[in-house]
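Each of the next two complexes has chain A plus one more chain, namely chain B in the first and chain C in the second.
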Partner chain A sequence: MDSLFILLFAVSILYFSISVNIKRYIFLLGFQGILLFLIALIGLDELSYFNIGFIAVETLVFKGILIPVYLLNISKRNKITNINNFKNHRKMKGFYLIIATISVFIITIILGNLLKNDFIKIKYLSTAITAVIMGLIFIVINKTITIHIISFIVIENGVFLMALAVGNEMPFLINTAILLDLFVSVLVLGIFFNKLTYHFHDDSSDVLSSLKD
Partner chain B sequence: MLSSILILICAIVFPGLIAVTKAKFSGRRGPSVWQPWYDIFRLLKKGSIFSTTTSIIFQVAPVINILVLIIAALFIPFTNKYAGFIHFEGDFLLFIYLLALGKFFIIISALDVGSGFEGMGANREALFSMLIEPAIFMIMAALVLLTGQSSLAEMFTTFNLDSSSSILFVVLSCYILLQFSLIESSRLPIDDPKTHLELTMIHEVMVLDNSGFDMALVGIGNALKFSIFGGIIANVVLILWELPLWQEVLIFILIEIIFAITIGVLESFRARLKMIYNSQFVLTISGIAVVMFLMILLLENHL
Partner chain C sequence: MIYTYYLVAVVFIGLILLLRSKNLMHGAVYIFNILQIGFVIYLFQNLNYNKVDYFNYDSISVLFACILSVLSFISAVHYQVYEKNQDELLRTVSIHNAVYIGFNAALMGVYLSSRYGMLWAFVEATTLTGATLIYHDRKAVVLEAVWKYIFACSISITLAFVGILFLSVAAQEIHLNELTFTLLKQNALLMNPIWLKAAFVFILVGFSVKMGAIPMFNVDIDAKDVAPSPISGLFSSVVLNAGFLGIYRFYQAFSNTSIGPWMNHVLLIAGISTLFFAAAYLMRIKNCKRMYAYSSMEHAGLVLIALTLGKVGVLAAFLHLTFNAILKSGLFFQVGQMIRINGGNKTEIRGYFYQNPIGGLILLFGSIGIMAMPPSGLFISELLIFKELMLQKHWIIVLLILFALIVIFYVLLRAIFKMLFYPPNPNNLSNLKGKPIEYVLQIFLLGVSIYFGIFQNQFLFDLIQAAIK
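For the complex of A and B:
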């Protein structure tokens, strides 16, 4: 069953490539959060009640509900609905992004198989690396700060999945680190973003070049 | 043979059901379920008019299209009990290429007219067909991988839900086949059969010069194509259970009806994509199929 969820996670990365609507991005983020919870629940062998609770809070509550709701509020408050509304918002077309995603996925599967390590779950690892690489590509090619935040969370989701790939139990330290990362990234970037749009009325990172002391 | 007969029967109500569903969801009373067939019979009584610029290709294309679709329908087995009327090793390849052949003739007949609009439609149709082709090949390849068979009939006989990759295949292939049928039949979100603006048309603009008998054949071909895809989905779903024959026949027809209503519902609530987004949407469906195939490769330890 975990294979189906992993596959749906990979499909969600594909849909990230063609989305232009902020609501759809946020929906996909929430969907990924729920998928991660289900994957962790099925994939991890050694789970104590504390671990389940912690993972549920991290994935279901934070990644699945709180962060999407928070991002939705930010986008509503700043009237950001569609990234196409911003000039030169993206340097790469969705068509090429899909080809890039599939290529990355194929390469990671081939490389993963070369490892020939019984302790590593290849399907988890390849999807995780694809999420991390595509998250980085989304950040590089997009100029809108909202997409930067969303892409960062995609990378975090990839890291979470990677932690699942290399062991049957998920160390508490990794969980805490990811949760801390999310707090810092989403909350700080959210506050920063609100301030930025308040002053510049624009979501593009280009406006940062006009910042002065 | 049973599935081919059922597919032909379901093709009769398919276009009408879609039209009625769309009418109901938009708050209209809508036409009768048989209205598309009244139109087709009206057209069948008429003769065809051919432009002087067209050649024999334009005249034979609708006939070839309908013929290859009927032959393709003969390949479809009925669940895991009865093989299709035509079946042999590697028949799935011929099945796919028969569907492509029909489309190829419609495309070159549109180019044969020499009209700029029809050429544009043919160009778009060829592009989308090329981009969606990997999806159906990936589904078939996954089925070959899971069953170890290369005949459609054998594949459905051998297929079972023992492994997680089989469950994964059923879920994803139903979704991909639904999208594939919408794209292949030029429906929303790629194309709108009700559009009246030639610049935004894809399939409709290709058959603008067809009239009378030929136009009726094109209409029958569209209904038949939908019914074939519905038949494949019905087979994928029906192999999950062991049921008596009469129940399987009823469920087969029921799935075809649900498939038609689903298309009607999707078209009622879905907006048409901008033309520039069409190719990336089609490629995404192929991408999902590729990812599914790779995952099955991993799960079955073939890598």
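For the complex of A and C:
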């Protein structure tokens, strides 16, 4: 069953590559949050009720609902829904992005199998590394600040999946740290993003170029 | 005791947010700083005490905690002067001071953590609190820097977490359930080097953002440029130390394993690149704060190089970090006053010595100090680095470092002489003058560096040697 969810997670990364609609991006983030909850539920052994509750808050509530709703509100408030805007500010075509995603995925599977041991779930690890690398690529090739935030959350989702891949139990502290990271990054980024659009009236990272030597 | 420290920090944060007088807020910060100094004295008395869960009072932790407590107090004094001259709103001061205590607590956590997960979480907390401190002046350019800082730091810290996950794979293979530094060191030889190498690369890249080294140095420079000078001083010293510690804890655990030589190569490449990038950027610099920020980058590069040179190198690295923290923070505090006297201008400062002779002398001697000229303490550490490089016959590296340092020396000296001794620009002059309390603190920091440069303090050497054993 977890293979199906992992596959869906990988497909969601592919879908990120071809999409140019902010609502779709945010929907995909929510979808990834729900998938992560299901993967964690199936993949983690010996879960106590407390752990299940904690993971549910982290994945379902935060990643699945709160963050997507928050981002949707920000994008509506700042009127960032123009598809052409996203297309014009992307430096790579969707087709090449799909090729890149598939290539990264294949390479990580090969690497994962080379490093195979009893403590790693290769499927999880390959998908997680793909999410991290593709998140970084999305940041580099896109000039819109909104996409930067969304790509960052894709990276965070990848790291969460990686944590599932390398350990059967996630220590409470690390779990809290991930939640703190997510909370801090997204909410603080959201707050500053609001201020940025207020000051610069633009979603493009081109406006952020006044700091020079 | 550490939990009491955090409880006190929370109480003071709450208190500051409730207070409605700027003076009382500053008073609360001073009291917290005095208590923090008291806590560091307690740490010295309980050196190497490791019976507290999640925390460890080893020599490195205590040395860095000591630097933090002293510089934090001095920075608080300068902030009070800064906000009075800016005539800041009560709300701004309240947020700043509350977050300032949180920033201190987060840094203390980074230094005292006994395991990687904790250290990482506290580094993340320094990003949040640090970004709020940078966003003090609420201008568009500050917003740009803060945005870049949070974004790059978040990504870097996430990458560092990936490194920690790889480390946990290596640990799990030998049935190690905790990533405490002591356990990692004890079991280092049993771990799979492939995972360790992967972990090291991610950890180095991740924590480089805090250290201001290659590859994630840009946002750190921007942050130091736009932050209030008392905060820039802390970023150049105690935050740099925190980033270094994130890397060093890994290096310390695994330097005696098969990946030791490989780590040395990676650190050497990172260190030399950092040094050359700093030299290249400094050549076109006009902004005095960015100039000192790049100087910190130069020292970060030297520290990474020093790490690769064995025990003497590690000793030199710690001495270098200590003296850089003392001198660079003092310089940033003085630069804050200089910018204020020049009407807020950071790029066209001329003739500061004629406007303010004492401040000019502090800037001159401080700048000579960061160029590692005797009797600065940095001279000792750089001498040790060069001596060790020559003893190990790394002649090409010696030449490369010398070339970069000569360029940096020339550029810094030229810029400093312009700032100090060229005729003042009448358009930039303001009627504001510095207060004696500002000079006294810088003179104290300068004096400490010179004292350690002339008299080799056995206590400091013993402390560092205990750390590298």
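Operating definition for what follows: the second predicted complex is superposed on the first by the 204 of 213 C-alpha atoms of A that agree within 3 Å, B and C clash if a C-alpha of one lies under 4 Å from a C-alpha of the other, contacts with A are read in each partner's own complex, and residues count from 1 in each chain.
Here is the rule we use: contacts are C-beta pairs under 8 Å (C-beta built on N, C-alpha and C of every residue); 3 or more make two chains touch, one makes a residue touch a chain.
From a predicted model like this one, the values you see are computed outputs, not experimental measurements.
After superposition on chain A, the partners chain B and chain C are seen to fit next to each other with no clash. When both complexes are overlaid on chain A, the residue A:S17 reaches chain B alone and has no touch with chain C. Shared-chain residue A:L4: touches chain B; no touch with chain C. In the overlay built on the shared chain, the residue A:G94 is in contact with chain B alone; chain C does not reach it.
Judged by the touch definition given at the top, the superposed model places A:I42 against neither chain B nor chain C. Of the two partner chains placed around the shared chain by superposition, neither chain B nor chain C is touched by A:L72. Contact with neither chain B nor chain C is seen for A:I52 once the two complexes are overlaid on the shared chain. By the touch criterion defined above, A:I107 lies against neither chain B nor chain C after alignment on the C-alpha atoms of chain A. With both complexes placed on chain A, chain A has more residues touched by C than by the other of chain B and chain C. Between chain B and chain C in the chain A overlay, the least Cα distance found is 20 Å.
Across the complex, chain A is touched by residues 54, 117-118, 120-121, 124-125, 127-128, 131, 135, 140-141, 143-148, 150-151, 154-155, 157-158, 161-162, 165-166, 168-169, 172-173, 194-195, 222, 225-226, 281, 284-287, 290 of chain C. Those residues of chain A that touch chain B in the shared complex are 1-4, 6-7, 10-11, 14-15, 17-18, 93-95, 98-99, 101-102, 105-106, 109-110, 113, 122-123, 126.
Listed in rising order, the residues of chain A touching chain C in the complex are 115, 117, 119-120, 132, 136, 139, 145, 148, 152, 155-156, 159, 162-163, 166-167, 171, 173-174, 176-178, 180-181, 184-185, 188-189, 192-193, 195-196, 199-200, 208, 210-211, 213. By the touch criterion stated above, chain B contacts chain A in their complex at residues 164-165, 167-168, 171-172, 277, 279-281, 283-284, 287-288, 290-292, 294-295, 297-299, 303.
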